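There are two complexes below, and they share chain A, which is joined by chain B in the first and by chain C in the second.
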Partner chain A sequence: MKRFWIAFFLFIAAAALLPAVVTSSFWLDFLTLTLFLALLGQGWNILGGYGGQFSFGHAIFFGTGAYIQVILQSKFGISAWTAIPFSVLGGIIIGLFTGFLSFRYGLRGSYFALITLAFAEAFRILATSAKVVTNGGQGIYISLNREPAATLSRLQFNSVEGYYYTALILTAVSILLAFWIENSRFGAQLMAVRDDEDAAEALGINAFRTKMTAIGLSGAVTALGGVFYVQKFLLMDPSIAYGPTKSIEMLIVPIIGGLGTIFGPLVGSIFLHGLGEASKIVTSGLIGDRPGLDLILYGVALVLILALLPNGLIGLMKGEWRRPGGKKAKQQTPEAGRDA
Partner chain B sequence: MTDPSIILASLINGILTGAVYSLVALGLTLIYGVLHIINFAHGSLLMLCMYAVYFLFSIFGLDPYLSLPLVAVGAFGFGYALQRFVIGTASHGRDEITLLVTLGVSIVLENVALFVFTANERLVQVPYDLDGFDLGVTFVVVPQIVAFAASLVITLLLWLFIAKTDIGKAIRAVAKERQGARLVGINVDHVFAVSFGIGTACLGAAAALLAPTFPVAPQVGYSFVLIAFTVVVLGGMGSFFGALVGGLLIGITESLGGLFFGESLGKLGISLIFILILLFRPTGLFGQKANG
Partner chain C sequence: MLDVRNLTRRFGGLTAVSDASLRVEAGEIVALIGPNGAGKTTLFAMIGGFLAPNEGTVSFCDQEITGLKPHKICQAGLVRTFQIVKPFAKMTVRENIAVGAHTRIKARRAALERAEAVARQVGMEPMLDQQASTLTVAGRKRLELARALATEPRLLLLDEVMAGLNASEIAEIVPVIRKIRDSGVTILLIEHVMQAVMSLSDRIYVLNNGGMIAEGTAGEIASNPNVIEAYLGHGAQERLAQAGTDA
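Here is the complex of A and B:
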């Protein structure tokens, strides 16, 4: 517990001081997006990492939060601040709705992954078709207002720093939430359900309620990511909101960093963004700028980590790895390893 | 109200497209039936096969129907190696990990295609793409009919192969009881990879049949993956007959949905069927007891 607080305050202090060193707005923007992905990854991690329910369509929460945030502002003239609780509530409701259907009918493992994927696709089609509300495929915008006086009331910042610190605060909150989960009674129940649902039920844990709480929390955090995205980019369209890209990004990040670990999503996000950017710098000199390379590396990293590091990069720091197809290099079994 | 002849026309189109969906889903259902893994890379593998057909055509001038056996054999080899050396090795025999590994493979394949071939759509332009028959209510083109007939023939051939040959028998043995199969001396890893290879070979055939009517782009796999999963879940995971019926049903749903609800909202039908089947009948129409 003490080690967590040391790590947490070191991270906050280092991250808070970074803008003093990183003066280029390109790199500060890069760091902002890294924190943003860490936030989304933590949203996924709550359900996927601690709860063992692998969602392939987590964009439903991101997209719903984002859409509510943008629609309330641009169609109803509601202020950005007032919109936030509604957006987060939207994420929770969608979480409870999909969770209720999936868990009530006992969908586990791959079937849960498939149904979340189908939900995301259904939402994408609905968002494209409901032109009155969403403006369909052309997307919906918030008017730009970067006057200094409007910064706080409209939540639009003049500077990259404003967004950077907002992302930092949100990521810090999500990390504290993960810390709470790891040390709370609810978290212990959730991890028990993940490791063996039947055994957990036999001990008197209500698995359904535990998973519902997890998907609600996960939906809230992920929707908050959607809110941030809208306030930063001031637009939303069906494929950004519900397309497969966001779902996949936010699932890769905690797996790379370490499933069901507090800092896993952050570490994974830093690693992936760093890898993506480094690859762009190397190749753009050789063959010019072509899309796809960063995602190739993401995919390769995902497969390698799954093959070699049962607990992701966080596990690697603790010295856990395994040879592909062979015995573990260290004492941990995969099941026990996931608790670390 | 909509003219009945338009509905009939749309029905015919749906059935013709649905046969190819069946073929795509056939590979997926075979892989599921034997390996008990959900192969997320299925769509990207189809996309890769479609590029193979396209380049055989544009570089060597090879007609898609002539390149069908070639691409199917190549796809078999690729699928075999992929399962044996990547998916099997990386997933440590745990189902959720396998699913994620195949997701990783699909991300890599899709983006390699994007990186190398760019996002441009490419279509194989055959000289006979507009030849066809007038059925009175609708006009069907030769590629549609060939795709329909060939899909049915391939399904039948695959069924015979699994039912009659020794390797087919081994595949069935592994699907039923992999420990037992191992004990009687069947090389389970080899059978896994062969099944994965056959599943991918189905995609090679489907790619050749789709080529004259369906343009290829790196993202094409995603839309097919959803359709193929829906077909497989609808028909019942692991059931050949289910894949055939499911494919036709989904083809019809898509076609009628487009007719009644328009291009974009019409696609909702497929997702809804998928969700409802998963919730209320995860074994599908013809599936055996589900494993999870």
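Here is the complex of A and C:
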């Protein structure tokens, strides 16, 4: 517990001071998006990491939060601040709706993954056809107003720093939420359901309600990510909102960083974004501009991590890795004799 | 305390349990024995709410609990362990037991303290900070017991907690179970380890081919001709008697 607070304050202090060192707006923007992805990853981690329910369509929460935020402002003239609770509530409601349909009928594992994927696709098509509300495929915009006086009321910042610090605050809150989960009754019950649902039920845990709470929380955090995206880019269209790209980014970040760990999504996001940029720099520096080569490098690194690090980068810090093709070299969770 | 009446469960054409009844009074240790495939675990699953019976009722403390969800039954004070152990693999022993404790305790710290106390009660104190997945079979069986106990049950259903243990491990766990009963928890157990069954139980029920064939004290059961037939095959009783007179 003490170690968490030390790590947390070190992270906040370092991140708060970074803009003093990083003056290039390109790199500050890069860091902002890294924090933003860490926020989305934490949203996924609550349900996928702590709850063991692997969603392949988490964009449904991101997109819904984002769409509500943008529509309330541009079509109804509601202020950005007033829109936020509605957007988050939208994420929760969609979470409970998909959760109810999936968990009520006992969908687990790959079936749950498939149904979330299908839900996100259905919403993408819905957003494309419901032109009256969403403007369909051409997207919907918030009018740009970067008057310094309007910064706080319209939540549009003049500087990259404004967005950077907003992203930092949101990520910090999501980390605190994960910390609470690890140290609460709800979290203990959620992880019990993840590890063995029957055993959890036998010990008095209402598995259905626990999973519903998790998907609601997860939807709220992810929708908040959508709100941030809209306030930063001022636009939303069906494929950004509900396309598979966001869903996959969201799940890959905590998996790389460490499933069901407090800092996993943050570490995963830093690594993933860092790796993307690094492979671009390396390939263009060494052999000139060859489009696509950086993606190959990026892909190889991802495969290696998934193959060798069963508990992600956070696991690697604790010395858990797997020898290629062989037995697990050093791991805290040997599976041998599991059901003896 | 527990009143099981005429439970029947069919899987397609197979009747796993048919018309089985049993009673457990407060403060008893009652054993349920029977050959492999007799339907003991199915009967447990129906009592614990994991399987709905086709016919019959289960009452616990004068309340009918037939068809309730397992977590409701646990909250009412009836908890079961699993024959195939189900540890929460990614948690430590302490965290595993605390999950059980959380059924009655909201605060995390209090639940962890209660977990420690329960671990002491079942002799798992040295393993508290070990990952559950690194436990031996004996350790996992004991963890099942500890977790169930942490929910503060009035009735504990133990499904073969001694299977797979060696003689000295069994000798260790028998007094633990007796101590649990002495602390005021009633126990119904399925067991194949006869020496333990005989020394622990006040009464024994015998299930064979899904039906209850005998009920009585350890001595009565050991000499019951139906039971001997069920375990040793048709005609065994006569052959035994024959062998006795020949000798």
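Rule of thumb we're sticking to: the second predicted complex is superposed on the first by the 311 of 340 C-alpha atoms of A that agree within 3 Å, B and C clash if a C-alpha of one lies under 4 Å from a C-alpha of the other, contacts with A are read in each partner's own complex, and residues count from 1 in each chain.
Keep in mind that, in the parts below, a contact is a pair of C-beta atoms (placed from the backbone, for glycine too) under 8 Å apart; a residue touches a chain by one contact, two chains touch by 3 or more.
Nothing here was measured: the structure is a model prediction, and the numbers come from that model.
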{"item": "Of chain B and chain C, the chain that contacts the larger number of chain A residues", "value": "B"}
{"item": "Partner chain in contact with A:Gly260 - chain B first, chain C second, else both or neither", "value": "second"}
{"item": "Which of chain B and chain C A:Ala118 touches, first, second, both or neither", "value": "first"}
{"item": "Partner chain in contact with A:Ala192 - chain B first, chain C second, else both or neither", "value": "second"}
{"item": "Touched partner set for A:Ile205, first chain B, second chain C, both or neither", "value": "second"}
{"item": "Partner chain in contact with A:Gln138 - chain B first, chain C second, else both or neither", "value": "neither"}
{"item": "Contacts of A:Gly299 with chain B and chain C, given as first, second, both or neither", "value": "first"}
{"item": "Contact residues of chain A, present in both the chain B and the chain C interface", "value": "334"}
{"item": "Residue numbers on chain A that touch chain B, as the complex places them", "value": "52, 54, 56, 101-102, 105, 107-111, 113-115, 117-119, 121-122, 125-126, 128-129, 136-137, 244, 248, 251, 255, 290-293, 295-296, 298-300, 302-304, 306-307, 322, 324-325, 334"}
{"item": "Complex contact set, residues of chain A against chain C", "value": "183-185, 188-189, 191-192, 194-196, 198-207, 260, 332-335, 337-340"}
{"item": "Residue ranges of chain C in contact with chain A within the complex", "value": "48, 50, 69-71, 74-75, 79-82, 84-91, 95, 98-100, 102-103, 105-108, 111, 131, 133-134, 137, 140, 147-148, 151, 164"}
{"item": "Contact set on chain B toward chain A in their complex", "value": "37-38, 86, 88-92, 94-97, 99-101, 103-108, 110-115, 118-119, 218, 222, 226, 229-230, 233, 262, 264-265, 267-268, 271-272, 274-275, 278-280, 282, 290, 292"}
